[in-house]
Amino acid sequence: MNASLIVLELAVVCLGLILLAQDLYTPAKERRTLGYGAVLGVAVILLYSFFAFDGNETLYAFGNAYVLDGLALWFKRFFLLAALLVLIMAAEYSDRFEAGQSEFFALILFALAGMMFAASANDFTLLFVSLELITVTFYVLVSFLRRRVESLEAGVKYLILGALSSGFLVYGIALVFGVSGTLNFNELADKLTNHPALGHKSLLFTGLLLVFVGLGFKMAIVPFQIWAPDVYQGSPTPTTAFLSVGSKAAGVVLLMRLLGTAIPDLAFKLEKLLMTMAGLSILYGSLCAVPQRNLKRLLGYSSIASAGYLLLGFAVMNKSGSSAVLYYLAGYLFTALAAFSVIAIVVREAGAEDIDSLAGLAHRSPLLAATLTLAMVSLAGIPPLAGFFGKFLLLKAVVAEGIRWSAYYWLFAVAVAGVLVSLYYYFNVVRAIYWSKNVSDFKPISLSLPTKFALAICIVGMLWLGLYPGNALELAVEAVKSLKLV
Amino acid sequence: MSLLSAIFLLPLLAALVVLCIPRNYKFVIRLISLGATFAAMLLALALFARYDAAPVENGFKFVERHAWVSVSALKLDIGWHLGVDGINLGLIVMGAIVAFAAACVSREIKRLEKEYYTLLLVMTGGILGAFASLNLFFFYFFHELALVPTFIMIGVWGHGENRNYATFKITIYLSLGALLALAGLIALYLQSGANTFDLVELTKKVKSRPLPLAAQSFIFPLLLFGFGILVSLWPFHTWAPLGYGSAPTATAMLHAGVLKKFGLYGLLRVGIPLMPDGAGAWLEILALLCLGNIVYCGLVAMRQKDLNLLIGNSSVAHMGFIFLGIASLNLVGVTGAVVVMVAHGFLAALTFGLSGALREKTGTLELEKLGGLLRQIPFLGAALVMAMLAGCGLPGFANFVGEAMVLFGSWRVFPLVTTIAAWGALIIGAVYMLRAIRNILHGPGKPEWAELQDASAWVKVPFVLLLGALLLLGIWPRLLIDKIQPSVVPIIAMAEAKSADKAVRPSDLKKGAEDAKQRAVRPR
Amino acid sequence: MSALLVLLLPLLAAAGIALVWKKDEEFSAQLSIGAIALGFVLSLGLFAFTPAKPQEFAFNWLAVGDLKISFGFLLDPLSKLMLLVVTGVGLMIHIYSRGYLHGDRSFSRYFASLSLFTFSMLGIVLANNLFMMFVFWELVGVSSYLLIGFWFEKHSAADAAKKAFLTNRVGDFGFILGILLTWLALGSLNFTELASALDGKALPFASLVEPLNRLVGSTNWWTVHPNVLATLVGLLLFMGAMGKSAQFPLHVWLPDAMEGPTPVSALIHAATMVAAGVFMLCRIFFLLEIPGSHALEFIAWTGGVTALLAALMALQQNDIKRILAYSTLSQLGYMVMAVGLHAPGPAMFHLTTHAAFKALLFLGAGSVILACHHEQNIWKMGGLHDAMPRTWWTFRWGTLALCGVWPFAGFFSKDAILASALEHKNIPLFVLGVFVAGLTTFYMSRLVLVAFCGNARSEAASHAHESPGVMTWPLVALALPTLLAGAIGIDAFIAKALPSEHPSPNEGLLNNLFAPFNHNILAAGFGLLAVVAGWQLARTLYTNAMSDPLPEKIGVFAKMARDRFYFDELYAWLIRVTQETLARLADWVDRWIIAGFVVRGTHGTTELVGRVLRLVQTGSLQTYAFLFAAGVVLVLAWQLLGTSPTH
Amino acid sequence: MNVGLEHYLTVSAMLFCLGLLGVILRRNVLVIYMSLELMLNAANLALVAFSRFNDNLTGQTMVFFIITVAAAEVAVGLALIVALYRKRQSAHVEDLTSLKL
């Protein structure tokens, strides 16, 4: 029982509190600087994480409820990096809130803390609490633009559906606890191995499925994707960004723990389900995005598709799949955040979220244009960017399973079809940037230094993961070592 | 950095440099691009000069390999592996020359030069890299790297009212082709049991233990149609004329001339030798489909009203001969196919370049509007006449040599198909090519073109270069063929090693079943 | 090596003119003339001082697997003679052109193309294998394309060039197939190797029978027989000759080719290019006379029919050049017929003499045309004999030779052909030959009477005057062989290379002069009779005629003859209904089925599906909650009630 | 009769379904929200029952967490709904359809 393991989370929370306190002494105009302060803080914590832990051995705390292993550490750093970029975006964006900028930053930090706890959750209790911490903060973040009806509506929709999903989640937890008599992942795993009969209890399986529903909601996979487009569209862009990267990743890591640590022996029962959901999500996301004109909504749909691709890595139920998932997530972090950062600025300039508001971006700010183009190309999965290698690994893992069960070839075909369709709408965006007919204004867009920095990080990340995947892949493989998968 | 990698890394580096230059230094940007492509061309020629047909182990020279990604846990090992043999040597040289020519004709671009030249250089690097790599991953990687700029360039700098539709179409088509090919390559990677994308390793592995028939029978079609779509194999050809019709000149030159050959090269390099049985089942069908290219597209070309569409269709038709040569699967035919690949590269670049110059001068390519231009623009006119005649297989140009060899090679295997192909080559080709000459250059001069000026000395450079290459190879084919032939021999040998596979086949299937089983009963 | 020099000189000249000296017209003309002059001298040397037995030398041009193609020369009497013809006649025509084309805008381009043509033609002559021959065959086609279309601004010229090239291509299609078949059967393309491969072999094509039977699905009611193949090879190769030598039914391009400058018509469409077909037939004669092959009968009759049709068409032409063109056709018919009658020797003989006098006639016609300010209608001429004396007597000599009047060259060669017809007991063709000879005399006399005699029918004709020396001296130079070529023993020389029916021992000019009579009096007699008859008929009809009396005499037939028996119309229609229709169809399918329906269809469906799926997102929270719950229920039901995952 | 585990579970299941139906069928956001709380409490009941019957207190700790979280959720949620009501003068879900398709 050593509390020193949660030092990172503590640091983040304290940072948030300091921010709130500092807010009292800061005049409204300088609030933005608080955001940059938060960025610095997160950066420091991120750096510190590299000195403090190496994640080679698995450490437990709070009666095995909290685990710190390679996977947890990988995801903590992932979340920290995401939060860092999102905070820069938020600082850029914050002048659109007439009040409560620093609350916005602080809430982002609290959500971050929740995600970091989720990364270490080894117990249904911690799973539930961290998830709720994320969700509840997001209720506020989503509806932060109190004057805009869309924002509020999105908030309410997210609130109701989120609460609904957590209702299923807790009920599922209750059932699991009822049958197995434990809430700890390791113990559950042991029980399942020692008494295989337990695995055939349909009540337990129901509970697990309900938990899975809760996580599926976070990841926005069909059929629990319904909220995503509306919420993505309605919320402030930084929130959308954090939602699409952070909260999705939280779902991913929890699902990974659940399948890899808690129920490795039952996981194969979910194979068919996971495959189906993956295929459906890919198709639904890609197809619905085709006629979409609203940028953020478009990315909402595309994030559903991405969730589908992530699920491919789960469906194959092996380490190569899981490491592919991590790799894809890493790429997705840079890509999505790049896209959203650009969109945030464009939306601020144009006041509209329609694709046509990108018209003439090539002239107004070549950097933004290039970044968004790269992001789209990466999302479409075209070399030499991160998205390509991520998709390549996932597809490779899928095809490899084809030898065992030919259904995977069909899954592969579906994935390819999805890529093909997605090319079309990503391409539309690029087209809007470079050669749309009616370019209204050529007024150049000026970018603040931090924004440039953030964009640079994203571009470098996309290219590095695409051009030199070796190290990143090694890290991913290291991270999934602790999972009980073949 | 060895000679080989320098050839395609140079343009990529130049692309980075261009990226860093402020956009209003247009002259510098253009200069750098020209310089880089020119240097690449010289290097390629040096490579060609230093290449000797003496046999070496694995048959590849100028080999260069570094580790790239090697994750033992995932059994993933992707290495950087370059090398040339007679087959890709010609393609690389041709690609480098065409790239320089393309950079020369890019004068026509008048907006967003910086982006344009960056993309052009990336495309060049990608193309040459794809041909130089012996690792299937990079083979595909570089192809995609070259493909994306193609789409963007057509979309941004293309012309014609249905440009956007063309861009959309070419994007979807080529991406579909590329993805199918990728699927095939991944499947190959897994099924071969070698767990490597390294072509040499794969070849060794397959020689010792051929792929199971079942695997071949579904991987080869993937590759065939994946690559086929990239090469506009009938009936997946409709993207080509449209796309080239609306592409900027340089893009059309590079894609039609060089990048398109990627699919054929892949089929020849990967599909046929590694999967002889899979190939065996499909070659007749391929031979029939290539008639679709030669005859059908030739007929379509006869009806075109726009020069670029005519050329586009004719270049689709020429692909048919290469497919026919590959399908014949004997030394003469395949060597001929490779020769046509190179020759058509020069030819397509030449024709598209000339039509681009024509459009620049007259502003239109509609056959009806043009006429009697030979008097006004003797150089461009003469060059166009030569290009057209080369296109309908006139001796003295490289195409004739290749096509003749293809006919000789395929005649043994598919006499009927060859007969029809000969008709397409001699008659149909001549009909539309002469029609173009008749409508554009011959006939009474029209008043609106009275004060047209002929090309200036600098404009002539690329065309002279390409024509020279065509004539040189047409008059002295051994220059190329003596290098190609030794490298084709092993491919034929592998392709004919079917019976060996049959011998191992049952054990193979059992083995496959076994490892499938033991994968299925994993610890749960 | 000097043969190589002969071949390359014109090429160098052409290249030099095209690349360097385009601006300097005078020099380019001299360059081209000099090249061919030197070539002529060299070929004279070859002719005189090299041994008669064939010598051959070759470079390895291309060698892949079992396909070995060499770039090589075969020097035997046949090629030597042909060299002499090409360079000799060509030289005259080159010189003449300098005067004829004087002041043309594209003077140098003309000479460049002329030299290019000479190069290609010499290539055919010297080639030692079928592939080389095909290569230069194509080059000849394209250079004639360039020369016919020399005045490309004229629609008629541009179309004529296109027509000529395409028609030739049809012939070449057969030619290449023939080459492929030969290669497949005999494994070589070299003439001497082929010949040695053939002799002694009973059924040389037996090796092909089995595979071909497999191909055509050999049934008990039909299988490919070796003789069928032998015939097939012969005919396919002959198709090439049909194209180049404008044999029926591929004869349509030659008359239109007259759109080119007159010297071009003289060189290409009288003396050399059209003769290439006959030359080729002589070259590959051993392939045609394979035992069991029926190719020769077909060839003979094709020649005969061509000769007859062309002569009939010539009757009613009024354009001086077209008349000559049709006479060329019919003379070519003679030669091909001779080959068909196992008499390649006489064919070559006639080719040689014909080259001389037909070139002379064309050049004379050119001089007349120039004198009458580019008037080509003979009914607008007349009375030129005293206006332009030198043209007049040379033209008369040419006519006499063409009609086959003793002792002009044409008499001897034509007689040899008629004789060989008799010797093969092929009476129908003999009669046909004699009849055509009569027709020839008739229409040539018509031409001479109308154009030169009588009195001028137009301003231009009345003010006509003799052409400059640069044009008339070549006429004189050509007039000599026209008179002598028959008797100086050319046939004996050919006999060294080709199976000739009556290898006339070359014993002195005098004996040669009378050789035909004492060798086959029948042929010679009938020949001369036909001449006399034709001349009589023509004189009665056309002396001092102001317009053509023939139409009201033979009515509709005359019109048919004038309209060339509607072959062009027939072909135009055929092409329209076959190839054009196919092209339309293919284009339509491409545009609407493949591109339109399939591709756009897929695109549209995708978008539609997207729009439909989107409807789920109604925006109503209620629906969302319901769908969410429904999803949960679905998952649970499937996983719990549904079958457990199968493996 | 003595009350066994299954009775508790039945009740909690019924509660859960009631809550779900309420979410799906009711129009007023506040009522929907209450139904959601009902679902959470169904879970609580189940947990308590379970921990009572396999006498294991972990479940009850879980219940405390759930109650706490629910409180937080309610705070945020109600604030949100009030804000929405201010804006729209209604708390009916039909009015929440500006974001769709």
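We just call them A, B, C and D in the order they show up, numbering each chain from 1.
One rule holds in what follows: a contact is a pair of C-beta atoms (placed from the backbone, for glycine too) under 8 Å apart; a residue touches a chain by one contact, two chains touch by 3 or more.
Fair warning: this is a prediction, and the values are worked out from it, not measured in the lab.
Relative to the centroid of all protein Cα atoms, the closest per-chain Cα centroid is that of B. For the pairs A-C and C-D, the larger set of C-beta contacts lies at A-C. Mean C-alpha position of chain A lies 77 Å from that of chain C.
Centre to centre, using the average C-alpha position, chain C and chain D are separated by 97 Å. Distance from the chain B centre to the chain D centre is 64 Å, each centre being the mean of its Cα atoms. Annotation: 38 Å between the Cα-based centres of chain B and chain C. Annotation for chain D: residues 20, 23, 29, 32, 96, 98-100 touch two or more other chains. Shared interface positions of chain C, i.e. residues touching 2 or more other chains, are given as 614, 617, 619, 621, 625, 629, 647. Residues of chain A in contact with at least two other chains: 156-157, 160, 164, 168, 229-230, 268, 405, 424.
Pairs of chains that satisfy the touch definition comprise A-B, A-C, A-D, B-C, C-D.
Against chain B, in their complex, chain C makes its touches with residues 60-67, 131, 134-136, 138-139, 142, 149, 152-155, 158-159, 161-162, 165-166, 169-170, 172-173, 176-177, 180, 183-184, 212, 215, 579, 582-587, 590, 594-595, 599, 603, 647.
Interface residues of chain A, counted against chain B in their complex, comprise 264-265, 267-268, 318-320, 323, 362, 366, 377, 382-384, 388, 392-393, 395-396, 399-400, 402-405, 412, 416, 419-420, 423-424, 427, 430-431, 434-435, 468-470, 473-474, 477, 486. Taken in their complex, chain C has these residues touching chain A: 606-607, 609-611, 613-614, 616-617, 619, 621, 624-625, 627-632, 634-636, 638-640, 644-647.
Of all residues in chain D, those touching chain C in their complex are 20, 23-25, 27, 29, 32, 93-94, 96-101. For chain C in complex with chain D, the touching residues are 614-615, 617-622, 625-626, 629.
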